Amino acid sequence: MRHLMSPLDFSVEELDQLMDLANDIEKNPEKYAHACDGKRLATLFYEPSTRTRLSFEAAMMNLGGTVLGFSSANSSSASKGESVADTIRVVSCFANICAMRHPKEGAPLVASMYSRIPVINAGDGGHQHPTQTLTDLLTIRSLKGRLNNLTIGFCGDLKFGRTVHSLIEALVRYTGIKIVLISPEELRLPDYIRDDVLRANNVPFEEVIKMEDVLPKLDVLYMTRVQKERFFNEDDYIRMKDFYILDQSKMDLASPEMLVLHPLPRVNEISVDVDNDPRAAYFKQVQYGVYARMALILTLLNIKVD
Amino acid sequence: MRHLMSPLDFSVEELDQLMDLANDIEKNPEKYAHACDGKRLATLFYEPSTRTRLSFEAAMMNLGGTVLGFSSANSSSASKGESVADTIRVVSCFANICAMRHPKEGAPLVASMYSRIPVINAGDGGHQHPTQTLTDLLTIRSLKGRLNNLTIGFCGDLKFGRTVHSLIEALVRYTGIKIVLISPEELRLPDYIRDDVLRANNVPFEEVIKMEDVLPKLDVLYMTRVQKERFFNEDDYIRMKDFYILDQSKMDLASPEMLVLHPLPRVNEISVDVDNDPRAAYFKQVQYGVYARMALILTLLNIKVD
Amino acid sequence: MRHLMSPLDFSVEELDQLMDLANDIEKNPEKYAHACDGKRLATLFYEPSTRTRLSFEAAMMNLGGTVLGFSSANSSSASKGESVADTIRVVSCFANICAMRHPKEGAPLVASMYSRIPVINAGDGGHQHPTQTLTDLLTIRSLKGRLNNLTIGFCGDLKFGRTVHSLIEALVRYTGIKIVLISPEELRLPDYIRDDVLRANNVPFEEVIKMEDVLPKLDVLYMTRVQKERFFNEDDYIRMKDFYILDQSKMDLASPEMLVLHPLPRVNEISVDVDNDPRAAYFKQVQYGVYARMALILTLLNIKVD
């Protein structure tokens, strides 16, 4: 039995198969509409994440399966002191596969060790969120046609951004990848990613403070939120905050082929006037998230459709 | 694509078709049991309303469809600052139709402007609650056989009662309607309804303080709750509160054909001894609410069953 | 129409039929996979109980039925002052059968008096939790092959333990039952169970303070949690707490055939090193809970499968 804890759990070949499956689902949804008839997904969300939870639920329902679970820890047995190990053994009696979101790093891994059903890490603290990475990869591959020979910019909070770290770790396994890191000094990519991932894999990268300087060369711009409270002082925040807000005037500097991605929710770091730009892919990304999760559920349940 | 924001979004003819459909559903539920197979409703409830939410969910499930969503704002991305516009674009990837309840007036309208799926306003603050009005009209039409030539009394809090305002606006489009307004001085119907709706449409109406004075002439009595805190002073409340409590002794004054409606939840404004009176229609009204929502979902999804 | 309020609502013969049905479901789940197609369960949980709620939901979904409801009182109309009687009349329009959990004793009984659909008491305060008792009986009968001629130990908080009281009441209807009560003085079985149930039915029983003294003679050990705050003083707690923690060294004293049951959630009263002992039956018990609820739903809906 197989679980998904980290995006790196799948080899590049396995990821390719998964994305091929996701693209076939995209083209022929009706072919998969009953693939999971009689199967059940448990969504165990120890902290709320509506978008991720609903994406998993939509994925399972699109496959003909059913869903049960909880959407916050208040309504779970955790408040009575039950361990994650016990909870997953109980839930193994109720469902065929499980998606777990937990504020503590490693909780889904512990669950997977005691589970009789496949466990998907749906986000564990600041650690991993592998289905977001699958979604990001699928979106890029589907809309750019490839995952190699790409220059990919990451903009915003690169220090705490879990999705940024995971996507970089996944991308360095492809050839011809160049990374451009756009962030304030305070929110630079951590050393352990810069050294152990980028440098260790000989991936060319550069670090800049202003988006404008690098926009023309990007194939993909991955935006994230910059929270005011992460800055050292108010002056820095006021001076720099506009550097990390993408608006139409900045889009004018970019290539007509550049994709804009964002893991959502977006607050104000992408101006709404960008939404109608054909390069804005962050809502398409949500749709690819459903296809990615459908392909993942089928793969972990070892269900083939032909 | 069509949304439902206000009961007046439908013409009288369209409402007639919708109610004909609801009555056919009532008579032949099995005919519609798979009409929405493979379709999905999202219930986006930014404030809790169990009865309305479950009514929508039962309606969709009666049609063979599935449901996902959230039941309060805590568990939604709204708490992370996501706009309603972004949420509906995301939810458009997960579902085929959406029912939105929101504490802010106009939020469902904003959602409908950015949505790729039909949006139903399931109540927006003190503003509109159109499926309650559809329910009320369907209940009256089904049990009285007509929506014209009726004398309809509204009793209780006519100032803040959203359902009262909406139902009056819907009823004035029919012929031969007389309205009787029964409320304390403090809770009279607002001028903008009295003048712009009743007077502007030449609908005869009268305003009284005591139910007993008008009960014998009513075809329908629409009850609402009178909250103590809405009175100017304690003395007024104590003096008048029994005027707005319907009990069996008051029912004895009414016509044997009079219907009693209430949008529920009821607290004590209808005495439980009225529940077994054949004229008490407020629980049948709940059942008609399911039929009305089933007909609405089919209409907005443009699904025909024959 | 029939409800389930107490485990004693079923005669011994009816319980046998129900457990025969549960065992047939266990052996032939696919035979029942569409038994409740088009039927709907409402889960009305006025206080959270994830395990019980998900067990009911899994049971209904295993039968092909659908589920709606709420998982805590915040999100229910109860917060607007609606009575349980009104709520169940409303829910009767939305579902075919209902499971109600309520912090107040007797609330499900009140609901059943006004309901148009079967009501299952899913736990009412410290009073009854009949589906737990069905689960316990089914687990013992399935794994021991019988419900008579058994020596059953109850360990821990026998004073407040609702599941213990209910299971004892159910067991005394079988022949050859011997009961062993293992608890601190402060948490002894209440007189009304000892006198009115055990003595009144001439069921042999003994009361001890330490598990070790009686383990070798038990066919079944039913563990419950001992909460620190239930002790009269800290010294007693420290002196005695280990008496009520089952670990592998205590298991070594027991018969190789003894079953260990626990209603869960477990905190630390069963050491995790016992989990892999073949006599540990508390996770199998969860699975039997699903079968018991499936059999119960079919029985109350009067659905036969052949």
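A, B and C label the chains in the order they appear, each numbered from 1.
FYI, contacts are C-beta pairs under 8 Å (C-beta built on N, C-alpha and C of every residue); 3 or more make two chains touch, one makes a residue touch a chain.
Everything numeric in this text was worked out from a predicted model, so none of it was measured.
J.: Would you kindly state whether over half or under half of the residue numbers at the subunit A/subunit C interface are used by both copies, giving same or different?
T.: Looking at both copies, the contact residues mostly diverge.
J.: Nearest 5 degrees is plenty: how much rotation brings the CA atoms of subunit A onto those of subunit B?
T.: With C-alpha atoms aligned, the rotation comes to 120 degrees.
J.: Measuring centre to centre with CA averages, how many angstrom lie between subunit A and subunit C?
T.: 41
J.: Listing for subunit C: what residues touch at least two other chains?
T.: Residue numbers touching two or more other chains: none in subunit C.
J.: Could you list, by residue number, the parts of subunit C that touch subunit B in their complex?
T.: Residue list for subunit C touching subunit B: 38, 40, 42, 66, 68-70, 74-77, 79-82, 85-86, 89-91, 93-95.
J.: Using the touch rule from the top, collect the residues of subunit A that touch subunit B in their complex.
T.: 33, 48-51, 54-55, 57-58, 61, 67, 71-72, 264-267, 272, 283, 286-287, 289-290
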